[in-house]
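In the two complexes that follow, chain A is the common piece, with chain B as its partner first and chain C second.
Let's look at the complex of A and B:
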């Protein structure tokens, strides 16, 4: 039997037409609604730009003058914005450094445990742990806000039942646990509760991709459960781990809603002011879009550098 | 219950979807003769026969929308050649919509704007100046109270007309049940803050080291700022520095005011600033949960409280609050009013409608009754029959002549919420001394003012 191959040129031309006709609208959409705003965002970092002031062409110039790198210099200056920016970086970094390991410590063992139970229960557990992910972040934050309420919150009610004194969990600027402000820890716990289902499901998928033969071989060799986890599961999950670490780091640098709802303007005493909250305030409360775009650009650079470092450190040269 | 509510404007965000409104309540009360818009006095019609379409924007508070819609209908009935396209936005989107559309120069012809924002927009050239022939400054000063009007003035020019006198001063919420249980006179007639605090101490409750009832809760985002300005003014000082641009927050009067605020929390213990503050047990909700005996907040909370807490059984009122010294003096925000876009092609009609809503006494009264707000127009506020329609405004109406606009703080929200609220709350919580607090406030506020001036 012979297979008739179409003429090369005509096939390629039709392929090109198909590709062009399907991709062009999406590309145009992406250009107008993603690329152009991004470039606009970069451009306004070089202007003292506020929509409350009348500018020239496209809003630039006039009362929104070109100022070179002044906005970038402001981030390192002693101005109110510079100080708040550095506080925000410190708080966000603290949050990221606590959240990432905490998330991994909770989700990975939990995923292994869930993977070990029978199939029906596995589905039940997976659903329960994933539920917070599909719940509105605002709703989650409001509910946890009530739990933390100092007067009628569930947490303090339980403490009082045990004869302990309740705490103003989200508004106490004085109490620190291992140097971490209490409100920051409270938000961290809430965020972990609401976000851990995502990584859990990814880890479960990763675990299901590990061939059973490796575990069986380890059992034959006399490895116990911990040794199998430490020397089989974790190394073979490296691709999944890389993905989870990078994505978790990305999302936790950009955390916003939960802080916005639970602690308002980064209170108490700016102890929970994170970077995206700062961007929001500078842009829409203080009406300095150029400055806000500069902070957003700094956030972009921070995320890019940390992601590249992570990818480099977690690089592997083998597959299974 | 939502606890993180710092200011009236934040409250608007959360109450935007609340059902009903003071508008409907007021309209139902059988006083329609005095509250109906002035049908009999139609505004001067724009050029006859010319078809005009006007776009108007406001935020989405139910009572505001209802009042505006009715005024729009009356105006367009009287001016059939005018069509007003009225759009409203959730409060949280309203500011961003205005700002982004201003950048694109496609904002509405007429916008409802909070008076304390007006100067920052006016100085940026994004608002139209009202033509002298339509409203002179002297006429405006005769018609409106200084506090709301001055927010609409920039460099001696008028950039809008106020509907509302935004007020946090002059009255407090009082829980009658708690007064009676403590054997106190109700309604209270305090002659000084000391008398108020003495009553508050008797109503404060602490169980197992936790404050369960605050006798007097004043630790709010708005409250601390207004009390600070009022305290400085009534002690005979001025919070603006000599250059009238920077702030002087380290004067002996400023320190005395912060000391007084601190003493109420630390010595008199009428409020626990860790559990009752702008971010937790906010007075606008905690009062209606029976957690606060006396709450420092403006009269705007009354219709909101009635609407949002219908199950709250304790009898309560908004009663007169005392002042310091011999004469009441206070600073107020300029409230909601109407402004016009400089890009509007129908600016004359936009101003005509703005005047129709704000200058005409019957229409202005209709708007205030409908929205439950304090009138900016003197003739409306001075009419004793107004209390037939807004019966809770009595304490507030008494103080209106004594207020002044807070002034151009360059960045009102930063100084209010990021400086005064944060630093005074910290002081109340014992993190700083009074002197340190004043110095911190002074440094931070003036640094921000300098930064804003550099951005001009």
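Let's look at the complex of A and C:
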């Protein structure tokens, strides 16, 4: 740390002036755009609130009346909004629970495989697998929409070429695979395609951090490739795994663009209505900001609770 | 691990994979990796190939991966459409992304420097607040943020996209981590030589952080360039749209013309893909280091 016991008062003062004059505006700016929205966001959950109506101070009161916990009660009621909210929670939960294992099953083995090839090829593979991450999610959704298109989409044209019948992939309300609606499954595949490079890169970095000696010792002990993966790689990758699991779940709870662009406003029979989509619709299509902020609070709570549970479950007490 | 009698006897030289086994395992590894690569590349190739097809070829059976009569017609259609001011959209995206990146780099490095190298009242409290704000998802903030923009009167303007993004809690955190590793002796020496505090920041600290600044800058640029939800909320006028918003709007107008929508998609992702290939190493290293998304 810097000069903590200054020898000259003027030097000390100039440092304090510097800290005060640089950090104060930056911190005030950040607080204005985080703390203020946070408080405002909590406050409007207790109002029937819309910026299109005239109210008192900051729009509160007047045509935006205080309604207590009615917005929260509404989430559990039988109103159309309550039902849509619960459908969104169910859909998002299904998406998150499907996506996490799917992602890990693909990215972890793929990372191990990439680690096994020589250095120059490793860079090539990594570069290619990471490409979808930098691509605009809208463009990703559009090209996959073209692939899934029922009449002239690549998938159905290939199927028809083989004499099979095509499917209305993104609009099919009845077909289910293992209980998962077909449109949800299609979005899952697209999301995996667009997102796997991220975890892949983190796993590769984690694998490079495992000391070579453990593998060598295992080979001397006669362990085969699977045993080395199961009993050396996976346990020693634990902190990386924890990070990946927590981050993947966090981001998949917040999924929006892909669902919004590929399946529109909730897809067939609201089968692909996810939470953020619901928040967006209630807030900016129906202009019911109070209600939407309440749904957003519920999302925040869900994310916090799942993250804390995961961190608790995945805690480790050792280091290498 | 101890080498015991038991473990030694398990090593059976004849059973260890020989040359053929080694080659076979290599073949399997490369086959799997190439399979994964084709899964990753196919949608890109399909996008590119469709954008060079004519309106009649996109509906032809069987589908062709390489266009039979490659044409630039779809691109010409987009560029010549007076209702689609594509240059304007590019300019909007560039203005927003460059302003946000410049401001985030400046505020993050300055605040990061102060947090790393100065002692002051409330330092820990402020830093904890900063970290806590990282935990709040954007989706929770977006409604009240929009309400703030309404009060400031900057909805439906590029300013509305730039102003809330001018600082980054993550950026401050990242910069602080980097600056902590710069020896304090360097700063003390500059101070003895009579450098001002801001002079130390701009002439001693900044030049040492080009790698960190580049990493943060690239990520911020990609994030802002590809951002969709926030501009979707803020922007309503056609001329103020950024590229991703233009893309969904264009798709809603020409949904059945895959050649046009794919050409528009290529136009949107092209700049970012170029940036990616130039800075590829830094991006991948940055992710591995920070876990930033």
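Going forward, the second predicted complex is superposed on the first by the 294 of 320 C-alpha atoms of A that agree within 3 Å, B and C clash if a C-alpha of one lies under 4 Å from a C-alpha of the other, contacts with A are read in each partner's own complex, and residues count from 1 in each chain.
By definition in this document, a residue touches a chain if its C-beta (ideal position, glycine included) is under 8 Å from a C-beta of that chain, and two chains touch if they have at least 3 such contacts.
From a predicted model like this one, the values you see are computed outputs, not experimental measurements.
When the two complexes are overlaid on chain A, chain B and chain C occupy overlapping space and clash. In the superposition on chain A, contact of A:256 is made with chain C only, not with chain B. By the document's definition of touching, of the two partners only chain B reaches A:288; chain C does not.
Using the contact criterion defined above for the overlaid structures, shared-chain residue A:34 touches chain C, although it does not reach chain B. Applying the stated contact rule after C-alpha superposition, one finds that A:150 touches chain B and leaves chain C untouched.
Contacts of A:142 after superposition on the shared chain: both chain B and chain C are touched.
With both structures placed on the common chain, the touch criterion links A:235 to neither chain B nor chain C. With both complexes placed on chain A, chain A has more residues touched by C than by the other of chain B and chain C. When the two structures are aligned on the shared chain, A:59 is found in touch with chain B and with chain C. Listed for chain B are the stretches 43-51, 79-87, 97-105 or 259-267, of which 97-105 clashes with chain C, judged after superposition on chain A.
Counting contacts as defined above, chain A residues 51, 59, 142, 146, 149, 151-152, 160, 261, 284 meet chain B in one complex and chain C in the other.
On the side of chain B, the complex with chain A involves touching residues 1-4, 6, 95-96, 99-100, 102-103, 120-121, 123-126, 208-212, 274-275, 277-281, 286, 289, 291, 342, 411, 413-414, 417-418, 422, 425-426, 429-431, 444, 447-448, 451, 455.
Chain contact summary for the complex, chain A toward chain B: residues 48, 50-55, 59, 63, 78-81, 84, 142, 145-146, 149-152, 156, 160, 165-166, 168, 170-174, 261-265, 267-270, 284-288.
Of all residues in chain C, those touching chain A in their complex are 1, 3, 7, 10-12, 25, 29-30, 32-33, 36-37, 39-41, 43-44, 46-47, 50, 58-59, 61-63, 107, 110-111, 114-115, 117-120, 126, 129-130, 133, 135-148, 150-151, 164, 166-167, 169, 184, 187-188, 191, 196-198, 222, 225-226, 228-229, 232-233, 243-244, 247-248, 251, 258, 261-262, 265, 268-269, 272-273, 275-277, 280, 283-284, 287-289, 291, 293. The residues of chain A lying in touch with chain C in their complex are 1-4, 11, 14-20, 22-23, 26-27, 29-38, 40-41, 44, 51, 58-59, 110, 113-114, 116-117, 125-132, 134-140, 142-144, 146-147, 149, 151-152, 154, 157-158, 160-161, 193, 197-198, 201-202, 204-205, 214, 217-218, 220-222, 225, 243, 247, 250-251, 253-254, 256-257, 261, 276, 279-280, 283-284, 289, 292-293, 296-297, 299-300, 303-304.
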